[in-house]
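What follows is chain A paired twice: with chain B in the first complex and chain C in the second.
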Partner chain A sequence: MPGVDGFMYPNEIELQWSVLIVLYPFLTGLVAGAFILASLERVFQVEAVKPTYRLALLTALSFLLVAPLPLQLHLGHPERSYEMYLTPHRTSAMAMFGFVYLWYLMAVLVLEIWLDYRRQIVLLSQSSTGWKRAIYSVMTLGSTNISERALAIDEKAGWLITVIGIPSAFLLHGYVGFIFGSIKANPWWSTPLMPVVFIFSAMVSGIALVMLLYMLITWARRQVIDMKCVDTVARYLFYIFVIDFSLEMLDLIHRIYEADESFRSLDFMVHSKLYLSHIVVQIALGTIAPIALLGLTQVAKLSDIARKRIYAAAGCLTLMGIFAMRWNVVIGGQLFSKSFLGYTTYKMGLVAREGLLMAILLTILPFAILWVLVKVLPPWPEASSGSIPDAEPAR
Partner chain B sequence: MNVFKDAGHLFRLAAVFVAGLLIFLVIRGFLVPKSFGQLGHYRANAVAEIAARPIKFAGHESCEGCHADVLDKKKNGKHAGVNCEACHGPQAQHADDPTAVKPDKLDTAVLCARCHEANAAKPRNFPQVDTAEHSRGLPCDTCHHPHSPVIVAGGAK
Partner chain C sequence: MNITRRHLLLLLPAASVAWKYVLAGTPEAAPNYKLSEHWWGMLIDLPKCIGCGNCVRACQAENDVPDGYFRTWVERYHVSDYDIENPQVDSPDGGKKGFPPAKDVKGKNFFVPKLCNHCADSPCTQVCPVGATFVSQDGVVLVDPKYCLGCRYCVQACPYGCRFINPRTNTAEKCTLCYHRITKGLTTACCENCPTGARQLADLRNPADPIHEFLKTHSVHVLKPSMATRAKVYYNELDGSVR
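== the complex of A and B ==
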């Protein structure tokens, strides 16, 4: 049979989880990572990253809005999906996703953004006209109280929400890792390290994305990039990346040492079908290269322009590497036979409900949403907003 | 008192959330089937609802009454144990009113491969062929008679 090497059970030949299921953990990872970067400023008082705070929140929101779409497209009956809210199935992790998602969206992100922007929303509702005024007025919920005390209360509430938000962000993405890690029939997935690795890789990708977006948007607005901010973000990216890499290596060493009955089969897969995406793209280009680049900026004294370029390169490589990691987990886990005697091939459709074009569309969509959000809620300091009317953010 | 006044917008927000929750509960009341949860995490009426649906399969015996010729052929062949509707699909409507509803013509290249395509996971003694190689693109019923598939000397039997 074409695409099949060795022996596959009939139900293993075709992959059930497509590129969209690769995209889903990638997108939620970006959400969790961006949020954790924002909380650095809020809870851990890292003042230097402040310029990215609001941008990170808006990025998290726009990606979170898109995150469930790949799942909806994957479902045979998407119109029934809301039923998991009506009759919650408490013993199924997948069925509980709806609640984790809703909690994170409504109780954490929207709330935190609203509190943080409230002053500006109130001001905008008074200064703007027409339909814009109507939108902002609805967003004020009819309260124009921006007295100092009211804002102080907002500040406290926002802090509290961030504190709740950090474990929630961990929950959101740890949950995605949990879904894979708890599938005990699949040795490529089944490891309790999975949620932890997912969380750290999520932080890595989210931070890299916000760093890139910040540099890109600032450049597009013809403003000066705050190097202290980018340096700090890059430093955190470096630290967390090192932790993430160690965890992944720990997992790898554990597998090699344990060498259970699945090992030879998986080892062969990594050296054949997954060689390019796993060894080359994920580990060499997507992990070791950016860590080395970021490490270089930590030890060597480089000019601003050199650092900027290195950060941009490292950020892009990181995103590619984390995407490859999701790919290798999701697709790699379905390429080998449970008999450990054969391998199949993933055939991705082009124009299909779960095909490549759809995946590209879903990757671009969050940037479009972010573009709208940035228009409605400008993330830069209030003084400069409005002065550059047609800033061209993200793509 | 002042704290309440300055946190007024938070109360409004809380009110929005409560309103959202109430709307959700009302909608839920309408949408969740009444018998849900009576016996377990499903609609207790599910079985009755399914039983009430129109019957799709007529069963082997019902075909036998009108298609005795086919039955005669089939009962001595290798497909004796294969139900008519396993190949012809659900035909209850046809059995009720044979002139109004006629079964679709079958495409043997697809139909026969469904059971006979070679696959290592099938029991070894089940007859299976690599269809592409075996039939060279011809429909299977150019050589095999579907109701009595074994080919014997002197033509299909």
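== the complex of A and C ==
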């Protein structure tokens, strides 16, 4: 049979989870990582990363809004997906997705953004005109008190939500890891390390994305990049990346040393069908190279321009590597037979419901949403601190 | 009784759920069939299997299984005495049209019919996000096609490769042990059409079922016991190389 080497159970030849399911953990990982970066400033008082705080929150929201779309498009019956809310099956890891997602979206992210922007929204609702005024007025949700006392309450509530948000971000993405890690039938997925690896890789990808976005947007706005900020972000990225890589290596070494019944099959797959995406893209280009680049900035005294270039290169390589990691987990986990006697091939369609074009569209969509969000809720420091002369705080 | 707006708002969700059950209709009646009196499984007597593919054809005809997908299939194993851990396995078109002559007649050659193992602790049931797949009271793992989302998580979770997504319905599908037949006192289509009696439906809750005597007197195993799924498809003289 074309595309099949050795023996596959006959129902295994067709892959069940496509590139859209690769996107799902990739997007949720970016959400969780961006939020963790935002919490560095809010909870852990890392003041240097403050310029990225609001951008990180808006990035998290943009990607979170798109995260369920690949799942929805992938379902055989998307019109029945609401059943997960009405009759969730308690033993299913996937059944909790809707609840974890809603909790994170509504109870954490939207609330935190609203509290953080409330003063600005109220001021904008008073200073703008026409449809803009209407939009901002709706966004105040009728809460127009921006007295110092009210803002102090906002601040405390926002802090508390961020504290709750950190374990929630871990839950959001650790849970995605658990969806794969709990499948005992699949030795490529079945490891208790999977949720932990997912959490750390999520942090790595989210931090890299916000760092890149901050540098890109600041450059596009012809502003000066705050080097203290990007240096700090890059340092955290480096530390977390080292932990992430160590965990992945631990998993790899454990598998090689234990060499259970599935090992020969998985080892062959890594050295054949997954060689490019796993060894070359994920490990060499997507992990070792960015860690080396970021490590270089920690030990060598480099000029601002050199560091900027290195951070940009490391950020891009990191995102590519984490995407490859998601690819290797999702697609790699379906390329070998559960009989350990054969391998199949993933054929990605181009213009199909689960094809390449759809995947590209879903990757671009969060950036379009972010563009709108940035227009509506400017995350720049001058926008938040600047007062509007005509506006009077409402009582 | 005066129904206020508040009462109405409380009643509407309950009424909508109730209406959903009404729309779902009532299952086809099977007179005298009591779920609690049965616990279904299957016995595969491997030395009797001749790889004719009758079971696969019968299953496809009985259950309207689309081409290229299998509720049951037959594998042919060739185990060399020099490499017993790495068998050569083939299953052309699921063994539907039988098998071409074996290339290597040295070593062991034998057939292994496969189907859903109707596990009592089935991983597919565990992972279904809405409970569309379930173990019935009489021990058969079933899928409700009107409820299945088509998320394919169950396909991933089955260690035996028994599930597929029916391209016509976009829902998960698998062997039902011909539930529509066995609840009416018939046997499954595959058992009915097996010329050698290699496949036998077994009711483990029926003390008079010959399965009990067979299990006591033969060397019987299940597939992948390490998966701890409490599979109920029992293989007589199962070779250790079978996966």
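As a working rule, the second predicted complex is superposed on the first by the 381 of 395 C-alpha atoms of A that agree within 3 Å, B and C clash if a C-alpha of one lies under 4 Å from a C-alpha of the other, contacts with A are read in each partner's own complex, and residues count from 1 in each chain.
Keep this in mind: a contact is a pair of C-beta atoms (placed from the backbone, for glycine too) under 8 Å apart; a residue touches a chain by one contact, two chains touch by 3 or more.
A quick note: this is a predicted structure, and the numbers were derived from the prediction, not measured.
Undergrad: Could you check whether chain B and chain C clash or fit when both are placed on chain A?
TA: clash
Undergrad: Have a look at where A:P10 lands relative to chain B and chain C in the superposition and call it first, second, both or neither.
TA: Both partners.
Undergrad: Considering only touches as defined above, state whether A:L302 meets chain B (first), chain C (second), both or neither.
TA: neither
Undergrad: Pick one for A:M84: touches chain B only (first), chain C only (second), both, or neither.
TA: In the superposition, A:M84 touches chain C alone.
Undergrad: Output check: A:S147 vs chain B and chain C. Expected answer is one of first, second, both, neither. What do you get?
TA: After superposing on A, A:S147 lies in contact with chain B but is clear of chain C.
Undergrad: Touching A:I360, do we find chain B (first), chain C (second), both, or neither?
TA: The answer is neither, since A:I360 touches no partner chain.
Undergrad: Comparing chain C with chain B, which touches more residues belonging to chain A?
TA: Here the partner covering more residues of chain A is C.
Undergrad: What is the contact status of A:G76 with respect to chain B (first) and chain C (second): first, second, both, or neither?
TA: A:G76: touches chain C, not chain B.
Undergrad: Which of the two partners, first being chain B and second being chain C, lies in contact with A:W114: first, second, both, or neither?
TA: A:W114 sits against chain B, while chain C stays out of touch.
Undergrad: Given the touch rule stated above, what does A:A157 touch, chain B (first), chain C (second), both, or neither?
TA: first
Undergrad: Which listed stretch of chain B (7-15, 61-69, 97-105 or 115-123) steric-clashes with chain C in the superposition?
TA: The stretch that clashes with chain C is 115-123.
Undergrad: Touching chain B in one complex and chain C in the other: list those residues of chain A.
TA: Dual-contact residues (chain A): 7, 9-10, 87, 89.
Undergrad: If we count contacts the way the header does, which residues on chain B are in touch with chain A in the complex?
TA: Those in contact with chain A are residues 2-3, 5-10, 12-13, 16-17, 24, 28, 31-32, 36-37, 41, 119-121.
Undergrad: Can you list the chain C residues touching chain A in their complex?
TA: By the definition above, chain C touches chain A via 68-70, 73, 75, 87-91, 93-94, 114, 123, 125-131, 147-153, 155-165, 169-171, 227, 243.
Undergrad: Sort out for me which residues of chain A touch chain B in the complex.
TA: Residues 7, 9-10, 85-87, 89, 106, 111, 114, 118, 140-143, 145, 147, 149-150, 153, 157.
Undergrad: Under the definition above, what is the set of chain A residues touching chain C in their complex?
TA: 7-12, 14, 16-17, 71, 74-78, 80-81, 83-84, 87-89, 91-95, 97, 179, 182-186, 333-334, 337-341
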